[in-house]
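Here it is, the structure in full.
Letters are used for the chains, namely A, B, C, D, E and F, taken in the order the chains are written, and counting of residues starts over at 1 for each.
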Amino acid sequence: MNLSPLPQIMLEPLVRAALLEDLGRAGDITTEAVVPADHRATVVLAARQPGVVAGLDLAALAFRLIDPAIDIKVARPDGSVLVAGDVIATLSGPARGLLTAERVALNFLCHLSGIATATAGIVEAVRSHKASIVCTRKTTPGLRALEKYAVRAGGGSNHRFGLDDAVLIKDNHIAIAGGVKQAIERAKANVGHLVKIEVEVDTLEQLDEVLALGVDAVLLDNMTPETLARAVKMVGGQAITEASGRVNPTTAPDIAASGVDLISVGWVTHSAPILDIGLDTAP
Amino acid sequence: MNLSPLPQIMLEPLVRAALLEDLGRAGDITTEAVVPADHRATVVLAARQPGVVAGLDLAALAFRLIDPAIDIKVARPDGSVLVAGDVIATLSGPARGLLTAERVALNFLCHLSGIATATAGIVEAVRSHKASIVCTRKTTPGLRALEKYAVRAGGGSNHRFGLDDAVLIKDNHIAIAGGVKQAIERAKANVGHLVKIEVEVDTLEQLDEVLALGVDAVLLDNMTPETLARAVKMVGGQAITEASGRVNPTTAPDIAASGVDLISVGWVTHSAPILDIGLDTAP
Amino acid sequence: MNLSPLPQIMLEPLVRAALLEDLGRAGDITTEAVVPADHRATVVLAARQPGVVAGLDLAALAFRLIDPAIDIKVARPDGSVLVAGDVIATLSGPARGLLTAERVALNFLCHLSGIATATAGIVEAVRSHKASIVCTRKTTPGLRALEKYAVRAGGGSNHRFGLDDAVLIKDNHIAIAGGVKQAIERAKANVGHLVKIEVEVDTLEQLDEVLALGVDAVLLDNMTPETLARAVKMVGGQAITEASGRVNPTTAPDIAASGVDLISVGWVTHSAPILDIGLDTAP
Amino acid sequence: MNLSPLPQIMLEPLVRAALLEDLGRAGDITTEAVVPADHRATVVLAARQPGVVAGLDLAALAFRLIDPAIDIKVARPDGSVLVAGDVIATLSGPARGLLTAERVALNFLCHLSGIATATAGIVEAVRSHKASIVCTRKTTPGLRALEKYAVRAGGGSNHRFGLDDAVLIKDNHIAIAGGVKQAIERAKANVGHLVKIEVEVDTLEQLDEVLALGVDAVLLDNMTPETLARAVKMVGGQAITEASGRVNPTTAPDIAASGVDLISVGWVTHSAPILDIGLDTAP
Amino acid sequence: MNLSPLPQIMLEPLVRAALLEDLGRAGDITTEAVVPADHRATVVLAARQPGVVAGLDLAALAFRLIDPAIDIKVARPDGSVLVAGDVIATLSGPARGLLTAERVALNFLCHLSGIATATAGIVEAVRSHKASIVCTRKTTPGLRALEKYAVRAGGGSNHRFGLDDAVLIKDNHIAIAGGVKQAIERAKANVGHLVKIEVEVDTLEQLDEVLALGVDAVLLDNMTPETLARAVKMVGGQAITEASGRVNPTTAPDIAASGVDLISVGWVTHSAPILDIGLDTAP
Amino acid sequence: MNLSPLPQIMLEPLVRAALLEDLGRAGDITTEAVVPADHRATVVLAARQPGVVAGLDLAALAFRLIDPAIDIKVARPDGSVLVAGDVIATLSGPARGLLTAERVALNFLCHLSGIATATAGIVEAVRSHKASIVCTRKTTPGLRALEKYAVRAGGGSNHRFGLDDAVLIKDNHIAIAGGVKQAIERAKANVGHLVKIEVEVDTLEQLDEVLALGVDAVLLDNMTPETLARAVKMVGGQAITEASGRVNPTTAPDIAASGVDLISVGWVTHSAPILDIGLDTAP
């Protein structure tokens, strides 16, 4: 999967909001009091630990929205694998702007790089298998498009972006619908021709029933690697197979070995620690 | 510190944005296809692991904005300590609304409870000392007020909310100003009478210089517990003392034992994993 | 396809904006000058011509946002087939609010009912065939979700809601990619597992090439009914077939007779005249 | 009437909203997957049918907001009369941006050009008479300023822009006020000196009564050409005369021949089909 | 002129913005720390000086948006003449909400009542003449609709609400157009039938020229009362006459005695001091 | 105190809103009708009376947002002392843009310069004393950051920017808390380490009680100069002393002579008349 940048029109409202959140009503009172307006500086964004970078467009926008005179040269674009100490970008311009935008720029960059790094870790763990790693809708409110992008930067793929871009029938839906047959039939009768239908199954019996009805994908939830392997065999290419539940870099290889097409992981978006990136004086 | 709820006027724009992000342009196509409009259900928000809850007002708002007919009874309010299995709240109403709002409600609740839980862990670690745990400006863009609130729910306290509500002179400021003396003098000359001034010091020599100039607080950055103890002694009550750098539940007790007033931790807001809370059918 | 209402949270910003657009800076100066504040009235929304109604939630919201005291009773909900003179809803409350909100309410209702009516006309024309009528992205800027909903109210189905919810490879993409093979391969390598891929083909030769590569759907553009029939035969169930180009109630039956699965029509969203609905004094 | 462009500050929010509506949460997944980032192209906006163009500033803004590197040369500015095949503008720049912005640009351009074209048709029909063609408040919600502009581009003039910029007393107002005399007196007592007052009359008796009270304009609703002619004579220059009801290019000449000053038409804004304009590879 | 309330839909965004401006990121930290959540209070809004009240809907909305449990009883509605000590409204409910919303509510109420009071003062000064007092576009950015409303509450009338609701040709326009004749002719050729045209004149010679061309109103700028009287005579009812320049309660009677229809004053909106209204414990 | 400009990102939304408020739905109909599109002009912003200028960035932004081709040269930056006739800035560019943006630019500039001028007047009155002049939260809704900036431009300092950036315990808080001791203890227990606490006292007895409890600042409300002097003596440097109540240029010197650190004045933000600045043709 290549990594196209998100259109700036999608990023700008988020960066503006984050800057205004930090500036409050009086702006950066420390910098304005202490740093002369004409002082210029050159600084670098540098990795403090190994990982994968994501979010440079947001960081750059934070600096440029505070001061368009800040110049930014990117050395390692989004998706790059970093070792500790790597210089990611060099910025030069008025020192006030560099200091005022620093925290917001880093908050975006460290958060998204953390997601990319976590994703890359688990992608690496299943590298010898065909399974793709996909993220979920368990994202930070307001940042879903960014976090999905960071997953792609880390080598992962994206599951649904929202409630509206695919049908995913879960156990609660089935229970209320009065059975998986009713649920699937209603879904087929009601959605557009470009919308895929995926159904969650917890047992091989359910899988059998679902396959007979015909769906685009099955979500094999919380199955052991052995059961997963049997499920993949049963499916036999009739549907995309997705495994979920208790996925981490340790468990992932066994899950992937079952032959599933996809492994979905919530924690890369909801619980990944940041990647530590700092703003240092240029050497 | 008691825990006052944030005014709903501050929460509503964030919850609306998160719901619209998830609904996209077509809404919850699965639920609308599969679940009858008149089906009613009762569900519970239940803890899947121990922790501290925060964010119930946001979760409740997510449900009510999707369907005002949903009734919510809170059993364990924000700040409560949970054991796995605890029912946090019971919701009843139209099943469609419960399913449509579920993910957004949980995304807020699990994220903020994760922060509260991480904070509570480190607060507990220093319980026998006087030090307060404070958070930083390393927050998720757009969610600072919520995350600062979650820190309070976990028993922590808040450092600056933004660039504008206190002066914090860091090493970069000092370098550009041409020395700590110039930096502090400029700050004192330029800020209002209700604004406190804090200065970062990395060595005891710097601390000596800063104390002679008079400031409200000193940020003792990356010092060993031994150096911190000497620093606290040097300060002798002339300023608030804050320790920062490499703080975690293991290192925190020794840091706190130095006698500092405050220990600031970035990771409770930027890297805390979520607290796993689920929506279950009411028993 | 059943017709679920759009969540009010999606409608409210559009109705608020439309009301503010009409109120301007001084409000309804005619009504405020001429109509006593305590005058109450009962009025009906009545069809002036036959058609299908859509948009009642928006109309109701317009009245309620101007005056929550206005009571609305819906007689013929969205999707109902109307004959001229049919009462769609009865409203009673303060006369000022009824008059002030009237135009905005009707602008939404007549526009969306026009789309539903146009859709129903062409749906009816192909009723004896299996083809579904689907709309396009040729919608009025800002109103896409509403117009797609109106198409459903008229018995149609929805194609893509935006650039992001399915891949649709058109002639320009193919030309730039250097061939349909390259285009399809790149698409398959880059999109998520729940995203379908559709490719536009203009000739049976292209169709042959595309089918060999395997896609979810083919858009058969501007073909004669005879060519369409041959195309459908060639496809033989390997992909969804969609016909487009010069579709109107007269040409639609022949197109549908070709056996295509879908017929897409732009004009129901971009060129449908309004359905004439008026606000009359209750009889 | 000359045709001044609307200030970009009025257009930008609408174009941004339309682009975000189309980009959704994942952007243009087809183009990003299929089209190389460095591919450049030159394309033209070309008329597929005769008409009058309007909306080029919006189309240009759509392209530039997606990629500022896109260069736009306008050959036929807003208000120009087009024959089929006419090149309206030439665009060159990165192919991705051209393809991503295409639909939004065309949605604005075709919609507004459709209104301009419809207006020009009826303006032409009454060319030999003094009557001006004016539009109404029956506009698409959110787009009133744009649609009023398109009417001007087509040679028409504008009636009220909203509820607040003139008094228009209709039959409902009169009924509630208890008579036309009371309605007009209240209006005169309550509105500013730069606000004109127009009153709807359905019969010559009403006209007589209104003229005696003195108003700026009379709206002669649904009268035959003969009655209109008598009305114009009765008015004798004491007020502006406006005819409305069942106006189309066929009926308009007879209505205009009555000597009225203005003919108002709702359908040019609420029911005009689009003008078919396409984006073609430059020859 | 009666005084209709502005629709709440116009007020709410302004009150929400003002509350969020005051709450900042942490809310009312004093009240939340000091006042128990269950403490209830009853308070009154009371005039500290004589004047005219305006803005009660905004004040009430500020309290209700902070806490819907606050009950408000209005004793003296907008437009009422107050003496010092008058109770304007009584509020009861949770003490926290009353204290948190107090400042925002008063900021709206005192500002608008200040405008109403200033207007009433000059209206009173010309009471024995026919002249109406009108305000200008010299308003506080963002608050024009509110301030124009406050002028009406004080017994004044409103001039243009913006650049778009009437033509006002000033000296700069005339100079650039190459003469008043060209300016007026261009205006007449370009604006709608419900738009009035007013022209600024500085001398009687200019007035003569303008009257010959025919306009709706003349703005007699900075003339002495004697010259104004001659101007009114020259106009002889052919146009509305408006005097402007150096108008205050002292000069206004002489200006009004000239017989002009309108006297426009900028200072009532741009320089009126607030009316002192306070929130007191209910007696 | 130096005067750093507010970041443009904080100004732009306010200037955009003000321009749209003035442009309405049809824009500047006078200028567009009367002034040729290619006419260029050079104009100056000139002081009509002596004062202190503030708000040039907002004025410049108003012109540039209407037409980026307008060039602005500032002769007297914010904070400059002006005499009548002083040229503040020279603008050249398309005449239409200059005329269209004029009123909005002046509304910001005159309002903020009025505040700066009022502040400078009272700052001058206490020049021989150590007291600083500080403003309050009695600001125009929506414009607080701008008005606080204007106070700084006039030589004043800023008190709290909102409810969240310092604790200010007033008489109502004390009454509800059940005494000043309870109020102060609760505040100390609940707020962060960088938040200062100020308490209002009306008598020397209260002052004595408050000093014993230890606070950062005392607000000495409505005391005579003599009592203030005694209060300052009692405080003896243990807290910052602030005087408030009935402060104007006449009373200020005696108040300042008491030796207080700060004098707070509401009227400079809520009741200052504008500074008269006009747009004139360049000489």
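By our rule, a residue touches a chain if its C-beta (ideal position, glycine included) is under 8 Å from a C-beta of that chain, and two chains touch if they have at least 3 such contacts.
Protein names from UniProt, one per chain: A, B, C, D, E, F = nicotinate-nucleotide diphosphorylase (carboxylating).
Treat the numbers as computed from the prediction; the structure is a model and nothing was measured.
Under half of the residue numbers found at the chain D and chain F interface occur in both copies, marking it as a different-residue contact.
When every chain is reduced to the mean of its CA atoms, the largest separation from chain B belongs to D.
A straight line joining the Cα centres of chain A and chain B is 22 Å long. Averaging C-alpha coordinates per chain places the centre of chain C 52 Å away from that of chain F.
Separation between the centroids of chain B and chain C, computed from CA atoms only, is 44 Å. Among the residues of chain F, those touching two or more other chains are numbered 2, 21, 23-27, 32-33, 100, 144, 158, 161-162, 164-165, 189-190, 195. The touching residues of chain B, when paired with chain D in their complex, are 21, 24-25. Within the complex formed with chain F, the residues of chain A that make contact are 16, 19-20, 23-27, 32-33, 37, 65-66, 100.
Across the interface of their complex, chain D is touched by residues 1-2, 132, 134, 157-161, 164-166, 189-190, 192-196, 198, 216-217, 240, 242, 261-262 of chain E. Of all residues in chain D, those touching chain F in their complex are 2, 4, 6-7, 9-10, 144-145, 148, 158, 161-162. Put simply, chain D touches chain C in their complex at residues 14-15, 17-18, 21-36, 39, 41, 95, 99-100, 103-104, 106-108, 110-111, 114, 137-144, 161-165, 167-169, 172-173, 175-177, 182-183, 186-187, 189-191, 195, 267, 270-274, 281.
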